[in-house]
Amino acid sequence: MIDILVKISFFFMLSSFIIGAVGSLVFMRNNWLANLCGNLFAFAGSAFGIITSAVILITGSVISCSLPTSFTLFTLSLHIDSLSAFFLFIISLISLLCSIYGIGYITHFFNKYNIGTLGFFYNIFIAGMVLVVTANNGLFFLIVWEIMSLASYFLVIYEHKDKENIKAGTLYFVMTHIGTAFIIFAFLLLYKTTGSFDFTIIKDNISGISPFMKNSIFVLTIIGFGTKAGIIPLHTWLPGAHPAAPSHVSALMSGVMIKTGIYMFIRIFLDILPDAPLWWGYTILIIGSISSLLGILYALIEHDIKRLLAYSSIENIGIILLGLGSALVFFSLNMKSFAIMGLIAALYHTLNHSIFKALLFMGAGSVISGTHTRNIEEYGGLIKTMPQTAFLFLIGSMAVSALPPFNGFFSEWLTFQSLFHGIKSFSFFTQLIFIIAAGSLIFTGGLAAACFVKAFGITFLARPRSEAAKHAKESSFTLRIGMASLAVLTLFFGLFAGPVSSMLSRISKSLCVFQDSESAISTQFHAVKLQDDFAIVSMPGILISLVLFITGIVIIIYLLTRNQKIRKGITWDCGTSLTPRMEITDTGFSRSLITIFGGLLKPSRQSDIEYHDANQRYFQKLNIATLGTRHDIYNTYLYKPLQGLVTIIADYVKTIQSGNINGYILYIFIAMMSLLLLFVI
Amino acid sequence: MKLIIICIIQLILVPALSPFFVGIVRKVKARLQNRRGASVFQPYSDIWKLLHKDEVISEDASWIFRYTPYILFSITIIVGASIPLFVTTFTNYFTSDFLVVVYLLALGTFFLALAGLDVGNAFGGFGSSREMTVSALTEAGLVFSILVLALTAHTTNLFSIASHIESLTLHSHAQYVSICLAFIGFIIALLAETGRFPFDNPSTHLELTMIHEAMILEYSGKRLALIEWASANKLLIFISLGSNLFLPWGIANSIDSADIIFSLVLFLLKVTCFCVAIAALESSIAKVRYFRIPDLLLTSFILSVIAIILVI
Amino acid sequence: MFLASSQFLYFMEIMIFVSVIFMHMCKKNTSAVFLYMFQSSMLTLLLIIISIKEASLPFAMVTVFTFIIKVIIAPVFFLNLVKRHKFKFAVSTYLNMPMTLLTLTVLLTITHYKFLKPLVSLAPSKENLLLLSFATILASIFLIINRRGALSQMVGILSLENGIVSFASLAGLEENPGLQIGITFNLLVWVIIATVFVSMIYRKFGTLNVTTMKDLKE
Amino acid sequence: MVIIFLISAPLLAAILSLFVRRNSLLLEVFTITAAAIELVTGLVIAYSVHHKGSYSFTSYFSVDALGIILVMIIAVIGFVASWYSISYVREEAKEDIIGFSRVKQYYIFLNLFLFAMLSAVVTTSPIIMWVSIEGTTLSTAFLVSFYNKPEAIDAAWKYLIINSVGLLLGFFGTLLFFSPTIGVSDHHGMIHWQTILSNASTFNPFVAKTAFIFVLIGYGTKMGLVPMHTWLPDAHSNAPVPISSLLSGVLLSVAFYAILHFKVIVDSSVGTEFSQTLLIVFGSASVLIASFFILIQKDYKRLFAYSSIEHMGIMALGFGFGGIGAFAAILHMIYHSLAKPILFFSAGNIFLKYHSKEIANVRGTLSVLPITSITLLIGFLTITGVPPFGIFITKLYLLTAGIKEHPVVTAIVLFSFALVFAGFLRHVVSMIFGRNGESIPKGELNTGTILPSIVLVSILIILGFYLPSSIKLLIETAVSNY
């Protein structure tokens, strides 16, 4: 009964997306119709998606269906277990709110770009993601994976009049395609081992796989899906592509799309491939450490608010990988209860990051639609003109900085706890890796707070730094609805950490490998408790005490001092007149951290700066200034050499086509003679 | 009944005593500088005075500037109530995980830094920048130094850590050494977090050196009082953490009245000693250059890492 | 029946091969054309002998047709072309004379080396003949590679075709005579088109040297 | 019977066109009518092949499953190309690039070309096939040199000479294939494929191998396999656009069809491994080398030509890998034939506007030629194998077929695909987006230049999602035959 209902709901979801896609193309000529059609059907589809996933998550049932196609080996087979349903839930939830937000946000594209195509690709994009996490056949998966990439590529280059967007889109599409090539190879190796592309059949037949094959698949998967997830150093496309898309799409890309990579990591390492060796977990932990630490450092450098958020996504992917990596290590060491804990941490952070990153991107989108620039240096004082956006962005900032009582804190706490268990338990080498991971997570946490103080402070506080910021207006109603719902969700998922964790624990246990093992965490409604009383945290407790104490203190102080006068004055200006130029800049704010981490960040340096007022200065010339805006070490040391290598080969190959007909016939002659010599003996 | 009294003591002990200990530090420092110094109760008078003064608020200030003092102060009270002060049986399940404490304090720092940025004067901005830089780097040392104890005690709950460490008979020298190393790391983190020498000069108003003071430059009246009080609380919180986690001997393990009174007295003594030591330390060392700070903080982190490796 | 003896066939085949060698060496376009004429007539002789042996009338018709096209029409076309555009001297070869001859020797050796021997299983009695005509094929390709002149390349292709036809006739790989006439007709069309192109090249580039056409490269 | 109509239609159109004077409309009518007749008769034959497995008429004509696939490809692409030719040639005539005699010449050769291809596919005799394929060279040589520019003549000369050398080698190979029939059949009767195949067991393995090498080199030249491909980019980029699309999309496949015929014979003589190894060698070389050329290409028509080399490599690889690879290769042939004309037609529209083949000179086609840009984009996505278009799945099948026995080759091919994609994307994006410096009038030329592409796009999309069972059956029959 439930099966059928779920299938119907899933079908409705898909058809909504398709109707939305086609409909917005049909109504292309009319901006409003196209906009409404695209977003409302996406909304409806997402709502069905939420229903589908919620039912599966609650009942714990597994839905699978399969349709043969006219192509062999390729069946449209879907398999929604709890893990898929969880990711389906995230996708639907975020796209639901993005669609609401989109209705208002898209209006500023009217008459500039084609609304119909936006609606088309938007719906296709969501449908692609939904199918990616539910597909159960390798070929089907690859097709929807590519459709997702394709749609997102067109969304990235949607504002095609901007050259930078086109460039970012090209890089993105090339990177994702190369990533897909690795994925294809991984699937081919799976096929070679098991003779099928069907995940279920692969899972059943894989036990005899050779270690070499298994490790090859691991490496290929890490590279392939890591490209999508944006792990460092495969992230280079991400900070360009995510900002280039319209903001609600950025929210989806950063919040959800990169998670499909995480989904496949879990699916392949913990579900499909048997018996992960220890070094897999180590590798993921190291990747996670690097991504999280470097990601947030790069975010600190950024002046472009959406690029900053994109880098922060890399950081959060790193944190998720720390959870996943510890889960894998525990799993290899046969400590399944802790493995479940690590997995819960990873899944929880996946959920949380989706929510607050979507919130932040939407906030950024509101700010951009108010000020028409992405440069943080040109913002300032927006808290007065856009108070609600500011408040919601602040919540997002706090959540992403892992500050209690919001959801980011809990998942980071859980990640910390699983890392602590790693430190506690094993051999020296394992311990060292976990110490590195925990250390980088701590630094990441601190730096994230610094980064988002910067992002929020420079954007919304102080006086406006530009005319645009001065005249900004509060964003329209649907935008605020979208953001406010997400803000409520950040608090919700922070507050109900207990129930959500137990749900996640059920999801983890639904994986075959964890079927008969207990989770290391036990949850009550008010608190989450670790095995052996190692740690206890109560998110409601934190929230309640914060609310109680803050209101209490405010009331007490008000009662004590209600007779006092509060005078408004100008900010202390040391006797000069204070201008916005005197406020700290974005660069200035992060300058000291950049200098401290200069060795890692390799900021570019500029020598011989001449000031326009040089004669008034004591130092008339500054020899070296750290600009700290460029950090293309990956280009310099990884991509450029690779590209150079290919170019060199291509230049050699080019000489084949010399234009000389005698040479051409010589090729034929040589080919003929060598074939005769080689094959006919 | 007894429990409720203990609860209330636990709740108000930190805010009630913190100005006193700030006074002690100042007094000792004055003595060491051959001054007579103000009375140890002077901070109480300061707070009282400020609470009754009229206020000037910048016209550029938003609600963040207005409410940060309340948030900050509330957080210090919550944290003050969630750490072991004189009794360990007090099982505060809600907020006494050490990561919660660290992140709650970070929440305060977060808002303080925003408040520094809010009014848009030049000082507030760089104050915030420096504060965030220092706190980002300090956190690692702080967490790892406490983690040493947590791993020794097999729990991350601060009360449980205290009681475990107290009842611990150390088996190996490695554990001694590691706890000592962690303690040094913790002290460095303490000095950085509470804005003491050699990181910050709590009594400066010179833009080259100030961090904390730069952020609160715009505050006056009751809000300044709350912030001053909150930073006093923070100092006491860290001193109590240091004395009750690393040197928990004598802390009450039951709610027996005699034990508790003994423990309270011992607590006051330990904290006083700590304050004297801090004052002495502050008088004997110079403030380091701002860009030397990371070295010191990294030292704290590395020491803790070594301690962890030793403790396992 | 000396004419039908394999000695005589062998002689023809040698003549065909030798004419390719001379095509490599000749300095004038006209002499290349005459060499081709000579080669074709040798081939015709060969075909006549075979058709006599087979005593088949259709085959004789094919031979006649071949004679008309290869010995008369094609050379006439070429000679007209040469006369019209006055390109008397052929464009030089890539390799100098000794090297060219050396390469030809190598090719001849290769064809007689063991590994190609099984090819003669088609007609074991005519081993040397087959190998020699195979050598003619290789030498003709080498001619196209070695010569820079457009006309010489054409002659090379035609000579290659002669080599193949001689091989096929000797090995008995014959087809329906109608089809053979079709093939020869095809060749005629080819010759017409190619001569048009040669004159187009001469008009556009002012030379028959194909190495001047180097614009189409990467 | 109907097959007579099929192949006489283009021939008749060519002959009739000879007598047309000063009325280009009449030429167009002849051509399009002939193309329509081909399409209809092709469908009729397809119907009977689908039902009976093969179709034969007298001992001269026979069409099997793969044959009818090729006939349909020729008919469909021939029709679409004729359709496109009308507006394309009109545009050029309007701009005084070509005069009436050229237009006439164009249509005559176009029809002869179609005739040659059709007869190559439907004949039962290897020699007629050879003559027809040689005929395609001869009929298109003047179309390659159509614009009479120095580089066009250069290209046409290379086309003629290299293909002649190649085809002569192929001819030699074909003759060697007759060796098993010596003494078996009537010596002067016509030798059919079937005759050779039924006697393949008496084929001396050594001769069989030698023969196949010559055939592969020979027809491989026509098919554009590396390293015999050198003429291809020159010729395809210099011919008029509709001809390029026929050359790239159809003729190469016809040449491959010829190779496949010989492959069956040699396989039954010496086993499949020999021919498969050769096909893998040439196929992977083609894919790899072409990918590098695509990466650094500066001329968009040459770009598409190199892409054809790559795709011919894929087809060769498919049959080299065998199994599902062969299925993929035939399916790929269909998709490629449908997709390549889209690219060339778009290129033609762009060329008519921009008057340059350099990628660097073409910018911002999205604002100048919106619909052409979209078709170009779709064509690009199809040809590089991005879903939902079918080539993605055929590429995957190919890799699937290869992974078991030849993992290294598969990896190389996969790498080449990524390279091709990167190169293509870079070029196409730089053409479509960006701002055009000079003022080029906006708007499509006329519907005749875009409708053919749209028709092809719709066929492709339908076939990408849904492969009719009849086509699938045909392909499967073809796979079992070859």
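The chains carry the letters A, B, C and D, assigned in the order they are written, with residues numbered from 1 in each.
We adopt the following convention: contacts are C-beta pairs under 8 Å (C-beta built on N, C-alpha and C of every residue); 3 or more make two chains touch, one makes a residue touch a chain.
Predicted, not measured: the structure shown is a model, and the values here were computed from it.
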State the pair with the higher C-beta contact count; candidates are A-D and A-B. A-B
Taking each chain's centre as the mean of its CA atoms, how far is subunit A from subunit D in angstrom? 44
Cα centroid separation between subunit B and subunit C, in whole Å? 101
Could you put a whole-Å number on the gap between the CA centroids of subunit B and subunit D? 79
Approximate Å spacing (C-alpha centroids) for the pair subunit A, subunit B: 36
So subunit A residues touching two or more other chains come to 654, 657, 661, 665, 668, 676, 680
Where in subunit B do residues touch two or more other chains at once? none
Residue numbers of subunit C (touch at least two other chains): 141, 144, 153, 210, 213, 215-216, 218
Chain pairs that touch, as defined at the top of this document: A-B, A-C, A-D, C-D
For the complex, which residues does subunit D have touching subunit C? 125, 127-128, 130-131, 134-135, 138, 141-142, 145, 148, 150-151, 153-158, 160-161, 164-165, 168, 171-172, 175-176, 178-179, 182, 187-191, 204, 206-207, 210, 233-234, 293, 296-297
Complex interface listing, subunit C residues touching subunit A: 94, 110, 115-116, 141-142, 144-148, 153, 210-211, 213-218
Mind listing the subunit A positions that touch subunit D in their complex? 70-74, 139, 142-144, 146-147, 150, 157, 160, 163, 166, 169-170, 173-174, 177-178, 181, 184-185, 188-189, 191-192, 197, 646-647, 649-651, 653-654, 656-657, 661, 663-665, 667-668, 670-672, 675-676, 679-680
Using the touch definition up top, name the residues of subunit A that touch subunit C in the complex. 654, 657-662, 665-666, 668-669, 673, 676-677, 680-681
For the complex, give me every residue of subunit A touching subunit B. 380-381, 383-384, 390, 394, 398, 401-404, 409, 413, 416-417, 420, 423-424, 428, 431-432, 435, 438-439, 442-443, 445-447, 449-450, 453-454, 456-458, 460-463, 527, 532-538, 541-542, 544-546, 549-550, 552-554, 557, 560-561, 564-573, 578, 580, 582-584, 588-593, 595-596
